[in-house]
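Note that chain A is present in both complexes that follow, paired respectively with chain B and with chain C.
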Partner chain A sequence: MLQLLKWRKLINAVIVLFGVSIIVFLLMYLTGDPVALLLPMDASLEDAEMLRESLGLNDPLWQQYLRFAGQAVKGDFGVSLRHHQPALPMILAKMPATIELTLAGMAVALLIAIPLGIITAVKSNTVIDYFGSLAALIGQSMPVFWLGLMLLYLVGVKWDLLPINGRGSWQNLILPAITVGAYTAATIVRLLRSRMLEVMQQDYIKTARAKGVKKNLIIIKHALRNALLPVITILGMQLGVLLGGAVITETIFSWPGVGRFMIQSIYNRDIPVVQAGVFVLASCIVIINLLTDVIYSWLDPRIKYE
Partner chain B sequence: MKSVLVKKSAVLFMVAAMLLTAGGCNSSVVPAASDEVFTVLQGVDATTLDPGMHAEGPTSNVDRQIFDTLLDQNDEMKIVPSIATEWTAVNETTWEFKLRDDVYFHDGEQLTADDVKFSVERILNPENSSPQISNFKAIKEITAEDQFNITITTDGPYPLLLVRLSALRIVPEHYVQEVGKEQFALQPLGSGPYKFQKWVKDEYVKLEANEDYWQGAPQIKKVMFQPVPEAAARVMALQKGEADLIVNLPPHQVKDLENNAKTAVKTVSSTRFIMLPFTTGNSVVSDVRVRQAINYAIDVDSIIENIFGGKATPSSQPVSSFDLGFHQGLNPYGYQPEKARQLLAEAGYESLKLNMGSPSGRYIMDKEVAEAIKLQLEEAGFEVNLTFEEWGNYATKCLQGALKYDLWLIGWGSSTFDAGSTLNFWLNSSLPTCYYQADSQVNEFLDQTLDIALKTVDEQHRVQLYHQVIEKIYDDAAFVPLYQQEDLYGVSNDINWQPRPDESIRLYQASYK
Partner chain C sequence: MSKIIEVKNLKKYYPIKINWRQQAVVKAVDGISFSVSAGQTLGLVGESGCGKSTTGMTVLRLVEPTDGDIIFEGKNIKDLNRVQMRLYRKKMQIIFQDPYASLNPRWKIGNTIAEALEIHKLATGQIGKLRVEELLDRVGIDPSYKNRYPHEFSGGQRQRIGIARALAVRPQFIVCDEPVSALDVSVQAQIINLLAELQDEMNLSYLFIAHDLGVVRQICQRVAVMYLGKIVEYAGSEDLFNNPLHPYTKALLSAVPVPDPLAKRDEIVLTGDIPSPLNPPRGCSFNPRCPYAKAYCREKAPQLSTVGDRLVACHLVNKIRGDQDAAITEMAQAN
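The block that comes next holds the complex of A and B.
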């Protein structure tokens, strides 16, 4: 039965990927002509026509889609209209930078959020709680571009502690990781705090307390364990979003990730690259969702596919 | 029993941390920009380093260091010798060029007539889908007479040939044949002042001086181009000393750099101008008095002063001041709100509803300019409905003749330095981009005059014909010419470098102080 359900999930995933590819394909064609953007504006109509013909953009849409899909299942997404390189390898080459930033951002988020979430819940309605909750509120409502530029200016230029552009050493990673992690951290703090407060009211916590179990043990072993479950869900979702590229952060810090590359390709209507990118990212999200489900049932044995 | 959950969470966390460190170790290390590496920050990376397969400014700025062009343009945009030292027009359609015999590619092979022929023919080959094809398609045949002499035949009189050839980068036939087109785009080899060293996409392109360059070794030995999309980040990098030259400086940051002892601002009048074409097929702007009223209602000087800090020039015609055919004798309409109201009243309107369109983020401060124009028009009695569109969508519609706004904002930079291509693009009534569909007599006059002009090789006569066209559309207020942009660059005070009006960056002419 479990096997069957897993298969069903996999088939669902394939249908999702297929649907996404059709939607993206149509949207790209409906909103702009790649040839218009590729040629200098004063190019003649005949030249535009010739280029369109040679790129196969004059065929009926369904033919173009079938041609694309036929090649795509073989892993060939075509050649970028701008870069004259195969599209899929170009996207894959950007993945390490994106994964690096995503994981670093997640690490920052967890390092801040878990302790803060616990403390604000345990010390609820004290000064610590007020400050912690305020910090979380600020973190969540602060625009990413503002935080990024502030960090860039203060840490990068004014105090001159870290490099401000590009990727390479671990120093380059710090500021973008904080920028990416801040929002996630704030979300988790607020979520964890309210879940912890809820859990702490449960009867089994009262029982444990009545038995004389030490407070720290109750918090870590009984309360946190139950409060963490929704955090895993949020983490999974955030991971998916971030793998799609933290576009704003990547732009501010000139981080060579997938997001920035995709945005440029969308602006240029570089259809093969966008298709390959969407496929890779949709796959990532589908896989993460599957993994989240698995981890969820591993952490909480009560949750089963049934 | 310790909490299983905590243990399991810890395992997950460790796995994540390990992946992270692994990622960190694998990545290449960019050296911090030291005094030795001349760092140029542009908004985007090169898309390809094959100079024949793109039509993009930022990409040209990189490949222009690696490759030589057949001819060149000096700082005043006049044609000067480069690889070709002499040229003669044998007749209206045949040109002969004599090449230098002391130019070598970076691998030591000599540059010959065959390489020039190959460089043109690969652009013209439809299989290569080169976006430059329209620049060279007037070339019917190119023949290598011997190692250093070529003859070019065009399929009709083509006055723009020399300008086009001054953008033709010469690629080595032997190398392109050997490694293939795809590899050439990643590992280019040219004969220019700088040799290609390394390109990590979206991170940097590194170049080093070609000590054997035929014009002499460049003074700056190491160069790095880095893409930094955010303008504020480019400025900070310059202030911090991590960059030597940055492009597209936002006008409001000019003062910051001018006040900083380590940095300076360089400006040059650009070939790009911004204007508002009218869609005269729409009844509201079909009356010339309404179009004139709109011209009088817009205060271009105030826009230049308040949005650009004075860094732009008002323009009177849809032609750049660098173009052959620019009409010196015409002044901008000027801001005369009373006259605007009067003309509007004469046309029979008390108030008039206009639909206006503009891209956002495509040109410097375009959104701010469009919003200012809306307010100024509203003060003069118009009612303006302003819509912003994403550039890709907007450009596509513009080229298809499908923009429906009564007036709309667009920028234009001619690559030919000749008014003909621009005027023909916007006024040839058989093209979809002719939004000025006036009465048939006017359109016929414009079509005929332009048609003759484009085939006239004699410059003086050509200019006269262009002037007739420009005067006609000036009187008819077919456009609202706004301003000619100034390109703003931020530079480190340690370097000598001058910007050019064609937005091209020439590092060969740069040096350290």
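The block that comes next holds the complex of A and C.
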């Protein structure tokens, strides 16, 4: 049963990637005639027709797709129109920066959200709870680009505390990581708070108290583990959002990652790079979802058998 | 017979916000007293919402009492702090009603049982493992199941695990908070028998909370009947079942099905709902539903007073004594 479920998940993932590949393929046509992008402005119609024929753009669409897919499977998304290098390696070279930013954002979110979620629940309806919940509400309501620009202006420029652009030392990472993680942190605080409040009412918490377990241990060993489950799901979904959201943050803070590179490529109509970028990010999200399922069944013993 | 636990004038009030400036108080438990002797079972019965479960939890200080004394083995534990209380945690335990909610779903049952052993440093490591297996075996669960999770067991099995968990610390006193009302009737009997066996074996004392009077009659030596946070009748089990005095007890007993279809019975059907504890009726709290209620029942709340070798809170039952009082008053006025 377990095996079957795993296989089904894998097959689902492959189907999703197939769908993504079709969309990525059609991106080429999204901005009009691809031939016009490749040729200089003053090229003749005959030149255009020759190029079209040589690129196989006159073939039926499904043949073109099969050719594209066949090459994509081998990791060949074509050559960057601007940089004249293979597109996929260029994207992959930018991946570490994006992953670093995403993980840092996630780390910031968890470091803030888990303690705050627990404290607001344990001290519910006190001043601490009101401030924590208000902060979470603000964090959830604030647009990413606004928070990024405010941090950049206030912390970076006005108070001159931290560097505002580029990648390098850990100081460079702080502002972008906060920007990326703020929304996720706020979401987790709210979710964890309500879940903790629910779990703390359960009989098994009373059982633990009757056993004489210390209060802090009850919160961590009995309550938190039960309350974290939906947080893991949200975390998996948020990780995808963070990867995609990195496009905005990377642009604001000139972070040399995939997102910023893709934005530049869109400006340059560098379609092969955009295709490779979209495909890589989509694949990451599919893999994250698969991992989330695995972690979920590991955390909740009931799920394995259902 | 030595009293293991004695509760005096126990109160638990919950403040309720009606709106932003008005507050009301729900008197969930309103000044009740009882005691349990070593090796005996006291039944606590009443309708849903009468404060039975709150009483059980308050006695163990899982819920903090508003007022009153809880004397366990001669020591008042009501004001002990958390650390001092830990000593008593291993002497008094609880079995909950819902076996689906009382075991942590994320924990293997063996670990749930072993945790208490570790906290109180009763058995650790290999000895702890053996003790867990022994406990499971005693309650009728195959010890090799100790690495399974609660969802892999049926309701009856879970309740057995709950009992093993409570027994782990070798308690002297256990609050059984409706331990069988969530179970099938056939399973109920097994659990009741198990509890009775364990009581004989370990000289346990139970506070047995239930609304099923048949079960109570089977297992309890004494019974306290609660209504709206107060005890209205407190008597030996046989006396109470053979000759209930309080009208509410009579009504409860008349609702118990009798196996003989030809048996004649005076059925008292209670009309109306239990009044809101937010706004209890004046006088005797049972008066709006009492078929015998007189005018003075609506004026003055009856005290729990001795009738024979039991306690009853009813003007009508105390009438004889009341008449004497009236006679004395008359005489005093005449003089």
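Structure notes:
We adopt the following convention: the second predicted complex is superposed on the first by the 259 of 306 C-alpha atoms of A that agree within 3 Å, B and C clash if a C-alpha of one lies under 4 Å from a C-alpha of the other, contacts with A are read in each partner's own complex, and residues count from 1 in each chain.
Here, contacts are C-beta pairs under 8 Å (C-beta built on N, C-alpha and C of every residue); 3 or more make two chains touch, one makes a residue touch a chain.
Because the structure is predicted, anything quoted here is derived from the model rather than measured.
Applying the stated contact rule after C-alpha superposition, one finds that A:220 touches chain B and leaves chain C untouched. Of the two partner chains placed by superposition, only chain B is touched by A:33; chain C is not. Taking chain A as the reference chain, the count of touched residues is higher for B when chain B and chain C are set side by side. When the two complexes are overlaid on their common chain A, residue A:44 makes contact with chain B while staying clear of chain C.
With both structures placed on the common chain, the touch criterion links A:207 to chain C but leaves chain B unconnected. Looking at the shared chain after the overlay, A:275 reaches neither chain B nor chain C.
Contact with chain B, but none with chain C, is seen for A:103 once the two complexes are overlaid on the shared chain.
Contacts of A:82 after superposition on the shared chain: chain B is touched, whereas chain C is not. Within chain A, the residues touching chain B in one complex and chain C in the other are 225, 299-300.
Interface residues of chain C facing chain A in the complex, by the touch rule stated above, are 57, 60, 62, 82, 85-86, 89-90, 93-94, 96, 98, 101-107, 112, 115-116, 119-120, 149, 151-152, 162, 165-166, 169. Chain A contributes residues 31-33, 36-45, 47-48, 50-51, 54-55, 81-85, 90, 93-94, 96-97, 99-100, 103-104, 106-107, 110, 149, 152-153, 156-157, 160, 163-170, 172-173, 220-221, 224-225, 228, 251-254, 256, 260-261, 264, 266-269, 295, 298-300 to its touches with chain B in the complex. Taken in their complex, chain B has these residues touching chain A: 2-3, 5-6, 8-9, 12-13, 16-17, 19-20, 23-24, 26-30, 32, 41, 44, 47-48, 50, 53-55, 126-127, 129, 131, 133-135, 137, 181-182, 185-186, 200-204, 226-230, 232-233, 236-237, 239-240, 242, 390-393, 395-396, 399-400, 412, 414-416, 421-422, 425, 431-432.
Of all residues in chain A, only 202-204, 206-213, 215, 222, 225-226, 299-302, 305 touch chain C in the complex they form.
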